[in-house]
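Chain nomenclature is as follows: A, B, C and D, assigned in order of appearance, with residue numbering initiated at 1 for each chain independently.
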Amino acid sequence: ASNFFLLCGPCAIEGEDMALRIAEKVVAITNKLEIPYVFKGSFKKANRSRVDSFTGIGDEKALKILKKVSDTFGIPTVTDIHEISDAYLAAQYVDVLQIPAFLVRQTDLLVAAAETGKVVNLKKGQFMSPEAMKHAVQKIKDSGNEKAWITDRGTMFGYQDMIVDFRGIPTMRQYAPTILDVTHSLQQPNQSSGVTGGRPDMIETIARAGVVNNVDGLFIETHFDPANAKSDGANMLHLDLLEKLLTNLVTIRKTVNGLG
Amino acid sequence: ASNFFLLCGPCAIEGEDMALRIAEKVVAITNKLEIPYVFKGSFKKANRSRVDSFTGIGDEKALKILKKVSDTFGIPTVTDIHEISDAYLAAQYVDVLQIPAFLVRQTDLLVAAAETGKVVNLKKGQFMSPEAMKHAVQKIKDSGNEKAWITDRGTMFGYQDMIVDFRGIPTMRQYAPTILDVTHSLQQPNQSSGVTGGRPDMIETIARAGVVNNVDGLFIETHFDPANAKSDGANMLHLDLLEKLLTNLVTIRKTVNGLG
Amino acid sequence: ASNFFLLCGPCAIEGEDMALRIAEKVVAITNKLEIPYVFKGSFKKANRSRVDSFTGIGDEKALKILKKVSDTFGIPTVTDIHEISDAYLAAQYVDVLQIPAFLVRQTDLLVAAAETGKVVNLKKGQFMSPEAMKHAVQKIKDSGNEKAWITDRGTMFGYQDMIVDFRGIPTMRQYAPTILDVTHSLQQPNQSSGVTGGRPDMIETIARAGVVNNVDGLFIETHFDPANAKSDGANMLHLDLLEKLLTNLVTIRKTVNGLG
Amino acid sequence: ASNFFLLCGPCAIEGEDMALRIAEKVVAITNKLEIPYVFKGSFKKANRSRVDSFTGIGDEKALKILKKVSDTFGIPTVTDIHEISDAYLAAQYVDVLQIPAFLVRQTDLLVAAAETGKVVNLKKGQFMSPEAMKHAVQKIKDSGNEKAWITDRGTMFGYQDMIVDFRGIPTMRQYAPTILDVTHSLQQPNQSSGVTGGRPDMIETIARAGVVNNVDGLFIETHFDPANAKSDGANMLHLDLLEKLLTNLVTIRKTVNGLG
């Protein structure tokens, strides 16, 4: 019966200035729209298609920027982890540890994340059914941590496309608060170039469908210059488009909250 | 900027009483909610999984019932056709000729339907991309008929499941008014029993996602006793649930119409 | 324990000369390799993507050419039918009536084909599981005709690709003699051009995998000039490549026949 | 033009006795059939569906058993790694480091494996196209190691099924020696029980289709008592069935080697 919350920020932490600049803008928008906001940024990128893809500016350097964003604006932050040692490292700087979709079946990583006591945001594998996420959530709970979230980032559909199955939203909300990742859900992987493509023109379509179905949170990657971002430029939403999108979505959610 | 319209009725015309009973109820609801209403009923079922499945009560008998519904309530009607000769026959009784999803690549059938001058409702094949429907619409236009509609009834996802790709709604609306078939989209085909299954519990989820994305129409199969219906009982919405569903959807659409 | 049989010929009957020319060449090859041969040609094309695609040279004209091929070379022939009236018409000229994949759920068409007493070759729908073909075969048998064949022509995989599931070969051979359509299985549908693409470079890969798994028959569309064929040029095998392909496949089958 | 090689053994190293017992049996068969043999066993299982699934007997204990198998029979061994630290650890005991399918996009892990100088066997992600494996192989080569292998273990097909795309064999053989994992390819994931199912009855079907298409290697998990194995019992081949299977496959390969 409340508003959705928002995980939002750049794909990767490219530097302090860009992180603060994006956070400041999103904080202003979400304050105005009364959307609880968690700043998102990857401190390293570990699963790029090619070895020469951008992987980060340095782990601790990026994590300290996340902490600075948190301190500056008084907001929680989220970052994704890829190894057991990342869990303990990142937990010193952020509030939510996110498990990437490819890694959500790695039990040791989930247990390590859970044991930090932080919120653990489990991305549904592109190869997993919504129902299978029940087992991932259970691994967090069996490790003594009740704070699991699920994020849907789409499901493989053929080799070069992804699709969002909206039957998954009510299904996964039975297990944990469920977030819709509207930017990665629109990726088009396995392109012959080795660089993942996308359909950012469909962000509002997908986001509306989630919000109207009571999704608990939205995940949106954004940048003030997507074309020159160090990673995932094909999918990020231009920061200038964020306010109008969120304004529409909040209006829809308010209507939904009033339904019988 | 207006309300969605509704194609609604039983899967098959099982008799005059049941047709009038369903129509009367839906007319009352749609009048109240100001939803333009087209009564739907198949005059024969031609593509059942098994030869002993119900196929109809007789072609002209069923078509005359459709005409009686139309005359009684002053509403248009729609039925699906399977052969060229069906086009001319059905056009004498109904206002909209619907091309089943399996048959939407049969050029002769589309041309025959188009040449009647009736509205032609083209169901997207479960094996077709939204973009491919452009060619189906073009066949109607090339036959001198501008009144094509498209209906999405889901896309194959593995052997025993279907999924709705909501990117298809804005895509197909570029070609023609687009309807979301919320009951067939939730079918689960190729079940070992030879009887198609379904997920009717997800009807509102799928319908909301369509309405919030400006779909032009909704297609809903309904019955006052789905468990004992002659066909598709696993997917039809119970008639008692229709008013609350449509009330929510109209509220959502009004909000969407007011968005920036 | 015997050789596979072959359904082979051009996609469409474009004229008498081309039909006889192709048949003569294939007869020579299959006689040499002791492959039972059924000449294949469509007398009309009914499900093209676009209304301006080639649809045929005239129904009876094309059927008479099929009969002439049969008489000239003493071989059976197969053609595909799209409407109930086609069944009775085509049965006067050919030995095997083929049901297109899109139409294999149309009960009336299957019953009409079965009632001619001809062999009925049922193409598995691109949207059907191998197991679901059991019901299609049963419809032929329930109509008093025991002579059903099944042909696999691939299964939808995303919007723009097809895949062959080789688990389907032993599964469908439980229901009826099973044929692998190696040219259509390699189609890539829903291309933005409105013309289906293909991967003819993979024909031998797919054919070998079928033959080594005891498929009963192969279906291969061939032409002496695929690039200028009236339909399906992207998928047909060049006639010059047929002998080497079949020679390899017969060698493989002989080995398989000797396995424990 | 030579025989295929074989990666074969139990899913997990459950103890020394079972490992030696399985190796002894497979060595006898592969010596007789002149198949180059690599003993396979996981030293830990890191991606089970449930936290209470079996994960191993202890890392070094299991790795020492792999070394003992190697020393006892004079054969190479392969095991899968899940973290960067695993690469250096396992490289002290085995000859081939295998990257699990879920982890094949983790650049750091691939680089760590490559830097050991061992052969790196890259499992194709269930969510990846054959073409995308080119980039994974390139990461190994860019790390100064030319000894990459690719293993296909099937591709997601809907939520609860996998399929093998045989077009991938010739495609991936352009990048590196390509192995077909015939037991994992027949898994059926995301079952409601939380335990992956399978179709072991189709092992020979899939294996034949690979061997007839010149696959470089086969990967087969086997056990003398699959029903009581600690993991993946639904998919392993009973050890008693291995000799007949391999005998057939070698016969097929010899025929293929003689083709034009």
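Basically, a contact is a pair of C-beta atoms (placed from the backbone, for glycine too) under 8 Å apart; a residue touches a chain by one contact, two chains touch by 3 or more.
What you are looking at is a predicted structure, and each value in this text was computed from that prediction instead of being measured.
When chain centres are set by their Cα atoms, the one at the greatest distance from subunit A is C.
Judged by contacting C-beta pairs, the busier of the interfaces B-C and A-B is B-C. At the subunit B-subunit D interface, residue numbers used by both copies make up over half of all numbers present, so the two copies contact each other through mostly the same positions. Subunit B and subunit C have Cα centroids separated by 33 Å. Chain centres here are Cα averages; for subunit B and subunit D they lie 48 Å apart. The mean-CA centres of subunit A and subunit B are about 37 angstrom from one another, to the nearest whole unit. Within subunit C, the positions touching two or more other chains are listed as 157, 159-160. The touching residues of subunit C, counted against subunit B in their complex, run 46-53, 55, 82-84, 102-103, 105-108, 111, 125-129, 131-132, 134-135, 138-139, 142-143, 155-156, 159-160, 189-190, 192, 194. Residue ranges on subunit A touching subunit B, taken from their complex, read 157, 163-167, 169-170, 186, 199, 202, 205-206, 208-209, 211-213, 244, 247-248, 251-252, 255-256, 258-260. Touching subunit B in their complex are the following residues of subunit D: 157-161.
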